[in-house]
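The same subunit A turns up in both complexes below, where it pairs with subunit B and then with subunit C.
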Partner chain A sequence: MLLPDHEFLKPASLAEGLALLAAGPGARVLAGGTDVVFNMRGRLFTPPAVVSVRSLPELQGLHERPDGSLDIGAGCRLTDLLADPLLARHPALRTALRAVASRHVRNLATLGGNLCLDTRCWFTNQSEDWRAARGPCLKTGIDACHALHGSPVCVALNNADTPPALIALGATVTLASVRGERQVALRDFYRDDGIDHTVRQPDELLTRVIVPPTTDRVVFLKETARQGMDFAYGTIAARADGHGARAGRITLVLGSLTTAPVVLDAITTRLVADGLGDDAIDAACAGLRAALGPLTNLYSPAAYKRELARTLLRRALLALREM
Partner chain B sequence: MDAKRETPPAGRSRVLRLVVNGDLHEVLVTPRHTLLDVIRGELGLKGTKEGCTTGSCGVCTVHNDRGEAILSCLTPALEWDGESITTIEGLESGGRLAPIQQAFVEHHAVQCGYCTPGVIMSAQAILNATPEPAEADINDGLAGVICRCTGHIKVKEAVRNAWRYAGGAGPAPGGSHD
Partner chain C sequence: MTDGRAPPPGPGLGVIGRRQPRLDGFDKVSGRSVFADDIELPGMLHGRILRSPHARARIVRLDTTKARALPGVKAVVTNGDAPDLVFSERQPLLAKGFVHYVGEEVAAVAATDPFIADEALRLIEVEYEPLPAVTSLRRALQPDAPLVHEWAAGNVAVTHDRDFGDPDAAFAESDLVITDEFRSPVQHNTLAEFHVAIADFSNPDKLHVWTPTQSAPMYQMALAKAFGLESSQVRIVYGNVGGAFTGRGRAKPHHFVAALLSRVAARPVKIKATADEEFIMFRGSGETLYRFRTGVTRDGRIRALELDVTFDAGAHAEWAMILWLPALYPNWLYRFEGLRYRGRFVYTNTVPKGSNHGGIMGRMSAGWMQHLTRVAEELGLDPAEFHRRNAIEAGDHARDGSDFGSCGLKECIDRVVERSGWQVKYGRLPPYRGIGIGIGAQASGGKNASNDTSAAMVKIADDGRVTLFTGIPDLGQGSWTVMAMIAAEVLGIEPADVNVVGGDSDIVPFDWGAFSQRGTFMTGNAVKVAAEDARAQLASVAAAALGVQAEDLVFAGGRVHIRGEAPDAPGRSLSFREAVAKAFHGGEGRYVMGRGFFNSPRQSGSMAFSFGAQVAEVEVDPESGAVRVLKVTVAHDLGRALNPLAVEGQLDGQVFSGLSQVLYEECRMDAGQVLNPSRLEYKLPRTWELPEVDYTLVETIDPYGPFGAKEVGEGPIVVTMSAVAAAVANALGEPLPQMPMTPWRLLRVIRHHRRRRARGAPGAAPR
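Up next is the complex of A and B:
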């Protein structure tokens, strides 16, 4: 099946690309294509125009800033990042990068693309014919949600692997438009809405990802149905300073369970006070239900998601304690 | 193929300049074509297969100019203007199978054969990146391609033993099956 008809635009510079995004309402940004082309083939995306940004020079390259932070071009392929010696200082980020799909996909896919990966739902990530039989939903045109009946917002899952790791690392992203540039902390980038799932405006382009330096312990874990290539049932990124059970600052981010990655602030406050002892870890896991709120049955039952979140949290905290 | 049955509007057609297996092709394509549509439909290179077209199965695997495996179904053809790719047809030289192809024959790493071009291109990409691949390299490189007939055991044997068929001397004596 051919892709839906559209205008294919390939700007030569960032300025030209931003002008195209400002001029063309509904234009879709295309980088590696592994998500956008998939969604175009399923007619979930039928944009009037596609703006290809993969080759923009301003989105390339990875370098270290004077303050030690890494400045990563959003157009860098995941494969190139995995091969870059500068990434060796962030083993948890490397784990998350390698967890994305397969080599075949990582050879095309970009970091910016993974951060902007569209949300997934088993009622929308289907062929056009399948969706037609089921009827439309919030994402495809009417006021109804098949995944969570009565839901006023789309509850599709954010299934990207790199956001939890980069949120834990305190990354910020640069959003550029003809109106100027702004920096957004990645933890504030995602919204609890499966349709407008990031704060990026239609005329904005995610150009750079800044990862501050750290000597903290960081882990990333991903649980899937099978080894090899798969979207996650759940992921966790966990970070702590200090050593052993002592930590003055802890960051915990759960991914793939909800519409936006979940930063567990309330739980970490208690863990910092109590330390990473067995009892404190038990208490943290027990407190997870309240922190997560209602969950959907998308891709796995809500009860499984809760149990998985507890398991991931326990494994991550135990791993941090050993580091 | 659908690409042939549907008639895209000609207004948005553009000339795509693409080097495939060392030969420069100039083809009229529209934004609606993926790289796979061009390889099979326009160039008639039917070795590259169309499977799921959603990035799950890997049978459409070809190589970019770095010899890396990419999915031709998930990338618009016009994205590849001025670039160079290799398809399964480009692996043999002068009528002689590439070592990895010979290894697939010797190790019976084929059942129905539909996935085989994609699996071989994935296997060759592993060898391009790591001439002496470890088990983890092989698993990682084959994770994106799926054989639905059988499994990956024979395929992995073939990848591990491809070196035996290098050097242009044909199959190694005895054709090991370790």
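Up next is the complex of A and C:
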């Protein structure tokens, strides 16, 4: 599949880049290109221009702020982040980073790119010829969903690995535009809509990722069909303070099962009250069905997704208890 | 991975049996090897094919005007350009009024660059009227299903029914009869090298095609017939081939389309499949339904076997030849009184399909060996003992007419039982750990057509350098290296002194190709004869020079010497090069050229069969449904390991591909479309998921094979698939009715067990 015609714009500074995004309707942000280029080849979108941001100096670098939080440039390559000693303090985040695709892809892919990774659907992420046979969908032009008939919104999966881990770590992201800058908690960044799947506006650029310091226990688990080089069937990031079965604050985030990462608030509240005992963990798993809502058969059957979610939750909680 | 059991060279052998690295290894890993896609011909155009988006439709309108007007477009073809060109069965090369499957070739363009060709495809206007389609095997078999072709009642394309012995009486005399069903999915050949063809038909008297193939003659004959040429007017060039796995046995539509475009444009045309086209135009395995029935005596003797197999042929029965194989297969494994086979090929509105790695025996055995394991267990017998008790032996004459000049089946079973620790593990593993045994046999070539033969030529330059001309393709299996070894062994020189020239039908002598595990056996025999012919010519010259009889000479270690004397005895021996020089520069001026061919003396069937047994150990994660293969113990009777290094490569590759097919691979079909047409979504394991493989090479020295060799090209994967499937069934305590055995299919079984246990129901808990 060949790339459709487009203008390739390479701004030298953030200000120039934001101006380009503000000026060009439909201009697409391109960082590592591991997702956007592939989707453009399939003509999922054919933007008049792409704005390459990977080399913008304002999106580079990783440093520690005085409050101990990490300030990570959205343009940092995943490979570089994995090599950075400052990241050693967040082993679960490292696990999530290393879980992304393959080394070849991580050599190109950026953190901002992974956070903004487009949602995926096997009726949509296909060549143009393939889609022509099926007819368009919500994402490609008409009012129909092939994955969940009658669905009013696109149910494509958020299949990125780093969002659950960074949400669990309480990360915030900086969105910049010619209109100014705003901070958004990552847990508020995603929307339950496979088309407009983040709150980022078309003229905004995700520039920095801030990860606050923590001494909490954190784990990240990912289930795939094969060992690596794969999108997840399901992921979980889990975090708790305290020790053993006692925890005063727990965060649980499931990924790759639905259109957006799922933060399990109701379940967490009960676990804080009951502790991480076996019965409480069983009860937490039993409560997942309600928390997850309807699931699709995209890439794996819904019944499997539901059971996998329970397995991931159980394993994550048991792991926290042992930490 | 090796336990060092690879046999040393046989007695009196210098090269055969040695661990020979492949002669083209450096070229391959350094990127020096040229594949079809590397070839750029002067003036070459890029072709693209417009494919049907519908599983079934009438073509209301097809307008290529705009595409033809696009600058850079040099040819646009539709059915009107070759209305009588029938690709296979009754299938026109380009759709004629109707389309019958998603991906069917409708039109094609050739342009000066791929972007223009792509754009031109978009400018072709086609209006379709969709028609009711049958896109699954189950639907095709329903009484009210639409007919894919009006001439095929019930959508049945071809049937093949065959009985051996008296199956009815044999079932009647059985003490126990057990029936099981199984289903295997649509699977892809996943070739490393994508489908590609470059055709140069600018001279209408000669069609040149550069393309990977398993059989140049089959491509040659098909293209010659299609374009009204003699075979020799078609040249197939197939230098390096990046895998085949049954996927390159017959020419595919893109070969013909490239030729047609080239004829119209009078320039060479390249067509290369895009990543998802690979999954749209492929001809791998179709969905297949099996019903197995077995009758046994109380003491564990098989009396009666029944195999009922229904294949999804796709929209055209291109591969009906695979129908007869399952009828023969049990004859090569077991002794029995009666066998009934019922096979049918069923049309659906999907791409025509055949088989993939492991042929059809691999996928069938994944179900059949689970079934036979259950039969053994119902009798209270250890399945290894059950297989052994019923296994055929050397000297047996099977009911299909096969004779077994060599047979190490029982030895293979004994070796894997011993080396896997079967006796201490079977029935004694913790829950969700499983161990399974499978056995298999494979014909080593055969007489499947009057031209199922191989020929070879050897020429020896005056510097002693030997050139071997062979038509056998090297698909990555190392056939060129082993052919060089055979020639070197006969001539007493080193394999590195043999230059193999292959892959060009204008140059090499006839060879039916690399499939049906015929290469080592058939081509190997032809190469041996050719080298012996050359050696005889050299021997007569050397004998005259040394004043002895030709029969007294020995060719070994790069020298020609007198039997019983020192190889370098002064005045009583020659170097190989000196012998060659004496022939060429002597009075006769003989340039030594040897020729050989091999043709089976049988009317049909195979002269030799390989046998194998494998034990697989697996671990199922009952919470995630994931399966890990821990170890595979392999014993394969291959006659003789000509190159143990290449044999081990074959075993690793087939264990890997076998477990991949049983546990991972499936084209997820929906309304005739592949939902996962990419290597990202069509799940294959990664190489580090290859478990520990323990090899035992059983050498039975076949009386007909070159130096006693049979095959190791497909036999092992069939057994791997059986053993892995049986091991998973063992871990779960019941046969799995479907492959691939994905996490969700396993979890469904495990969930069912839990519910039954929660209700206090007996049985079916994993041991």
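Everything below uses one rule, namely that the second predicted complex is superposed on the first by the 322 of 323 C-alpha atoms of A that agree within 3 Å, B and C clash if a C-alpha of one lies under 4 Å from a C-alpha of the other, contacts with A are read in each partner's own complex, and residues count from 1 in each chain.
Quick note on the criterion: a residue touches a chain if its C-beta (ideal position, glycine included) is under 8 Å from a C-beta of that chain, and two chains touch if they have at least 3 such contacts.
These numbers come from a predicted model, not from an experiment.
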Partner chain(s) touched by A:242 [first = subunit B, second = subunit C, both, neither]: neither
Which superposed partner A:287 touches (first subunit B, second subunit C, both, neither): neither
Partner chain in contact with A:314 - subunit B first, subunit C second, else both or neither: second
Touched partner set for A:134, first subunit B, second subunit C, both or neither: second
Which superposed partner A:1 touches (first subunit B, second subunit C, both, neither): both
First, second, both or neither for A:225, with subunit B first and subunit C second: second
Touching partner for A:304 - first (subunit B), second (subunit C), both, neither: second
Doubly contacted residues of subunit A, that is, touched by subunit B and again by subunit C: 1-2, 227-229
Subunit B-facing residues of subunit A, complex: 1-8, 10, 30, 32-34, 37-38, 41-42, 50, 52, 54, 79, 98, 101-105, 107-108, 227-229
Complex contacts: residues of subunit C adjacent to subunit A: 51, 53-54, 102, 114-115, 118, 274-276, 280, 623-626, 664, 668, 671, 673, 675-677, 680-681, 683-686, 688-689, 742-744, 747-748, 751
Footprint of subunit C on subunit A - complex, ascending: 1-2, 122-123, 126-127, 129-130, 132-134, 223, 225-231, 233, 299-301, 303-304, 307-308, 311, 314-315
Residues of subunit B touching subunit A in the complex: 2-3, 6, 8-9, 12, 14, 30-34, 37, 53-56, 58, 61, 64, 68-71, 73-76, 78-79, 81, 122, 125, 139-141, 143-145
